[in-house]
Amino acid sequence: MTSIAIGKDIIRKEAWDKVTGRALYNADYASPGLMHGVLVTSTCAHGLIKSMDYSEAQQMPGVKAILTGDYHPMLTGPVIEDRPPLARDKVRYYGEPVALVIANSKAEAAAAASKIKIQYENLPTVDKPSAAMSKEAPLVHEHIDQYRHVIPEVYPQANSNIVHQVKIRKGDMNKGWQASEVTVEGEFFLPQADHIAMETRNTRAEILPSGDIIVHSSSQAPFGVRKLISQHFGVDLGKVVVNVPLVGGGYGGKAPIQMEFLAVMASQAVGGRPVLIANTREQDISASPSKLSLEAKVKLGASRDGILQAGEYTFIVGTGAYADSGPRMTGSMASNCTGPYKLDNVWCDAYCVYTNHTYATAYRGFGHTSFTFAVERAMDKLAAALNLDPVELRRKNLIKAGDTSPSQVILTPSRLGDVAQCLDKVEKLINWSEGSRVEIDNNRIRAKGVACLWKTSDSPTDAIAAAIVAFNSDGSINLNVGAVEIGPATKTTLAQILAEKMKMDVNRVHVEMEVNTRVSPHHWKTVASMSTYMVGRAVEEAAKDAINQIISLAAIAMKCSPEDLALGQEQVYLKDDPNIYIDLAHIAHGYKYPGGNTIGSQVIGRGTYVMPHLSSLDRENGKGKPGPYWTPGAQAVEVELNLADYTYKILRAATVLDAGKVINPKSAKGVVMGGMSMGLGLGSRESFIYDQEQELQNTSLRSYKVLRIGEQPEYLVDWVETPNANAPFGARGIGEHGIVAIHAALVNALSRAAQVELDQVPVIPELIWQKREEEKA
Amino acid sequence: MIPLNFEYYRPETLADTVDIFDKLDAEGKQPMYYGGGTEIISMGRMSNLTTGALIDLKEIADCKVLEYQQEQLVIGSSVTLTQIHETNLFPLLSQAGARIADHTIQNKITLGGNLCGTIIYKETVLPLLLSDSQVFIAGPGGQRTVPINSVFKERMQLGKGEFVAQIKVDKKYVSCPYVHVKQTKQDKITYPLVSICTMAVSGGIRAAFSGVCGFPFRSIAMEEELNDRSRSMEQRIDKAIDLTPGPILADLEGSMEYRKFIIKGLLNSIINQLEE
Amino acid sequence: MFQLTGEGLIELNVNGETRKALVRPADTLLFALRERLGLTGAKPGCENGDCGACTVLVDGWPIKSCLMLAVEAVGREIQTVEGLNGAPIQKAFVDKFAFQCGYCTSGFIMNCQGLINIHPDASDEVMQEWLQSNICRCTSYQEITEAIKSVLITENT
């Protein structure tokens, strides 16, 4: 059957609002009387707050309140409660919020903030994940064992910086090593980096005389905000209302809750009046959470014929000064540690540790970008040791249905998809057979690199979604869901799913772009590439519910049995004679008989969804089911390296994902290319740079560099479509996956071009130069 | 958003400008000249600015000039990098300016502001140093025109209340063969790792550098080494690099050793081009 | 001599209308447009000249409105994205899927519009030089490139 809306390049619903400047983001709603909060952040990476003098600031014009850590002491965190919204007694990273000034205008608040004098007594710092593991390491948190656990499966170790540990024990390592005729080992480092959503995080809050707390925030998790505000401020859940309009990019960075606590505290301090707190770019980079850092060791063993026999992985995950979702990401990394390869003997120790750096949170790929780099670089080393073509080695070892994941989930075609097809296609896209290293002239080398990936959701086991489908009297639909529109056209995709189910024009499906937690049905969070899947399932359910209502009512109106009827093009018609029909508009708000009597009323469909059979990872062997399915893929990059100065151009970058079903090809391609662009940024230029004192050096876009136009390669994207039996139309999530292995492919290409082992990112020309010099020496 | 409060004045003549400076200064307002404002606004937002009044130079007729007057190209200090680039009257200056910040900001950055700012790169000064330009300076003490090579020592040496009104370049330099290269750590839009302007004049090659030391410079001593054709290219360059007027930078853009490696490579290819 | 010595009313010519705005001399044009005139199409992304989200046209040229004082704009013609009425570049952005979150879009479109006005036949090189002033974190720039090229007069069309 030809589809109406699925597989079509539907233009996003809010497209014209976005190109006319009329689309509104959170900070675009100005109101007279809005007050402004400005943060004062720590200039010390680890220290005791000796004194804070805000006497001068207090006297400044327009200043209404100055808050410090003592104002509303609390500890927050999604996994373990370790973070005060404003530092108390001590600071743990450069950029940590220490005070908040609230004034009539932003200029007045900022002027006062610059007058606050804070003295710190410096403490020794923890500068990298491996240093955090040492017995002599300074403690970032002295009482790690006393923090409240939000989820039971988190295992902090007292008197250490280790906040969580995950173990994977699968198969028999001794057997694996014995069967390994060739082994390779590598150590890899991926530094912290930033999300750089173009809209910096901002929140407005007010407390009404009724006690309702109204929050407006640029958040990926409105329902999470509501829950935690309710909990930490002791207000009934329903009395907290969180509104989220369009969001200017998130990539995971707007899933954690930080500004919201501060804004509510600020409003509290000024009698409930509305207060806006908006990060400057510098604060967004240094004060708000970032991407984790990783030090990884990977050891692979294979038989002479290139079949993997054993894999040993040690991940030391730097979560920065606070845990946030670091422990969850550590689990996610461990449970997928092999990458999409069949390995019967797997040993993985993953530690999540504190450092004196900006704390980390979810970042597109949820830890997968980091460990995948290590795995895919190790695969290239193994290929070299075996004298095998890197694509060939991968092909020999790709995981298939019937194999098990590191956390021992039995894989089926529906759960896993077809990574072999992805690799075949990417190999052709990048034209691998023409040669993976070609000398163009004396100075220029062209080289290619390839890498594979997989990722599942790693969501909480009780994450839910819901949808409400309410009919208008003209037969059109209002779709209301709790997912936030952060960019990937989620809401339009959901409208496509609904239109297809209702067999109607997608233009007749109206989607509410904003989320209001009092009006919108629940959705866990807009993260993990799971919205199309989870909310899509809820939309399907709601459509089914609505169709039932419509058909039953039509059956009465048309004096026939519901079984005789079908719905399409906004008509309910007789299956055996479509010329006999009733317009949906005549049923959507009840059916009115010719005399005026009416039966039925507004058709409102509801649907809900929870992912079945997820389980947490076992503490001793990591057994558990971290997500409902995987999205696998393969990526490749071609570079041209100039040996005169080690500058390089990224010529082409290719990705093939098993998307299950591509619902909106152009949107999907755009999202994947966007992910690739970010990943190439991480591979080539992006990282946090700390000085000796662990002060972050590159807090602005002047010094924190992202790709600009003209620096991008030619992008090639293609799909494999192995349906996921549980998903709407078989669709797998693809929102994150473009980023996951692309930097690995890039660095594989660069290592091949420069003939040095590049085992860290970002690869800047100076790094290649340095490695070549070391090689010479 | 700039927390600080200040006053804003936009005079239209050199005389008014000096008068208003004197008046504001007497009132203790620590007045500052304002060109494109790109640096002043950035510093203001970070609360790194202390001034009670800005004097915008962009409406002063003398500072807006961009034309040949007899044998001299006259460039007013309020002329933007984009205007210099679009008219392309001095190709080397136009190219150096076109690599500062980004195109949109070049619509705002003025020549005077780039020359007199606090940024350590000031890449527009390089072509001016090579072409022995003259600087027309106005101030409370009157007006003076001085060679840039005497008034620019690490930075523009201006007296209190003085400002740059115009730059004058002899026509003969405008069409000299030149090479400009700006090499960066990785990105196109960023500060230089090394920025080099070179010009071939009758006496040999002239070279000026930014991003090499903590200030932009032209060094006669280095030029002498570079032009010493009795030595091998490698020796000429090595000798020259030993003579930088200050320590070679090591910072976020790159280490000292890597900078040296890059400078050597660039000088090699530049000299080859110019001596062809 | 034009001057503003404290908070006061200035007149700005925006999108063909003369509008009054109460500003401090230290207020940026970005602030005045957004907070005083309700023109929130121009966005703050860095307020440091690095991202281009705040780009508007001043006398036809793209300017980062975070690096211009509102008082500086007195007497100049300002055009914001709200003042573009169905310009071809807007449709091109829609057709080419040249945005996702849309936060960078106003700034990108205004920069493109400036280029289209001033160099309607810009080469790829010039186009890139201009557009490198803006950052988009969602897209890959391939779509934006397609959008602007579909509006510029190239040799092929």
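Letters are used for the chains, namely A, B and C, taken in the order the chains are written, and counting of residues starts over at 1 for each.
Basically, a residue touches a chain if its C-beta (ideal position, glycine included) is under 8 Å from a C-beta of that chain, and two chains touch if they have at least 3 such contacts.
Model, not experiment: these values are computed from the prediction.
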The chain whose C-alpha centroid lies farthest from that of subunit B is chain A
Note: of the two pairs A-B and A-C, more contacts are counted for A-C
Gap in Å, rounded to a whole number, between the CA centres of subunit C and subunit B: 28
Gap in Å, rounded to a whole number, between the CA centres of subunit B and subunit A: 44
If you average the CA atoms of subunit A and of subunit C, how far apart do the two points sit, in angstrom? 30
Mark out which residues of subunit C touch at least two other chains, giving numbers and ranges. 24, 26-27, 47-48, 132, 134
Name the residues of subunit A that each touch 2 or more other chains. 107, 702, 708, 710
Per-residue multi-chain contacts in subunit B, two or more chains: 1-4, 188-189
Could you list, by residue number, the parts of subunit A that touch subunit C in their complex? 9, 11-12, 14-25, 27-28, 30, 107, 195-200, 246-251, 278, 280-281, 486-489, 666-667, 670-671, 673-674, 676-678, 700-702, 706-710, 712, 714-715
Using the touch rule from the top, collect the residues of subunit B that touch subunit A in their complex. 1-4, 47, 183, 185-191, 252, 254-255, 258, 261-262, 265, 269
Residue positions on subunit C within touch of subunit A in the complex are 24, 26-27, 34-35, 38-48, 50-51, 53, 80-82, 84, 90-91, 93-95, 97, 99-106, 109, 128, 131-132, 134-145
Spell out the residues on subunit C that touch subunit B in their complex, using ranges where they run on. 1-6, 24-28, 31, 47-49, 52, 55, 61-64, 66-69, 71-72, 111, 129-130, 132-134
Subunit C-facing residues of subunit B, complex: 1-12, 16, 20, 36-38, 41-42, 44-45, 54, 56, 58-59, 82, 98, 101-105, 107-108, 188-189
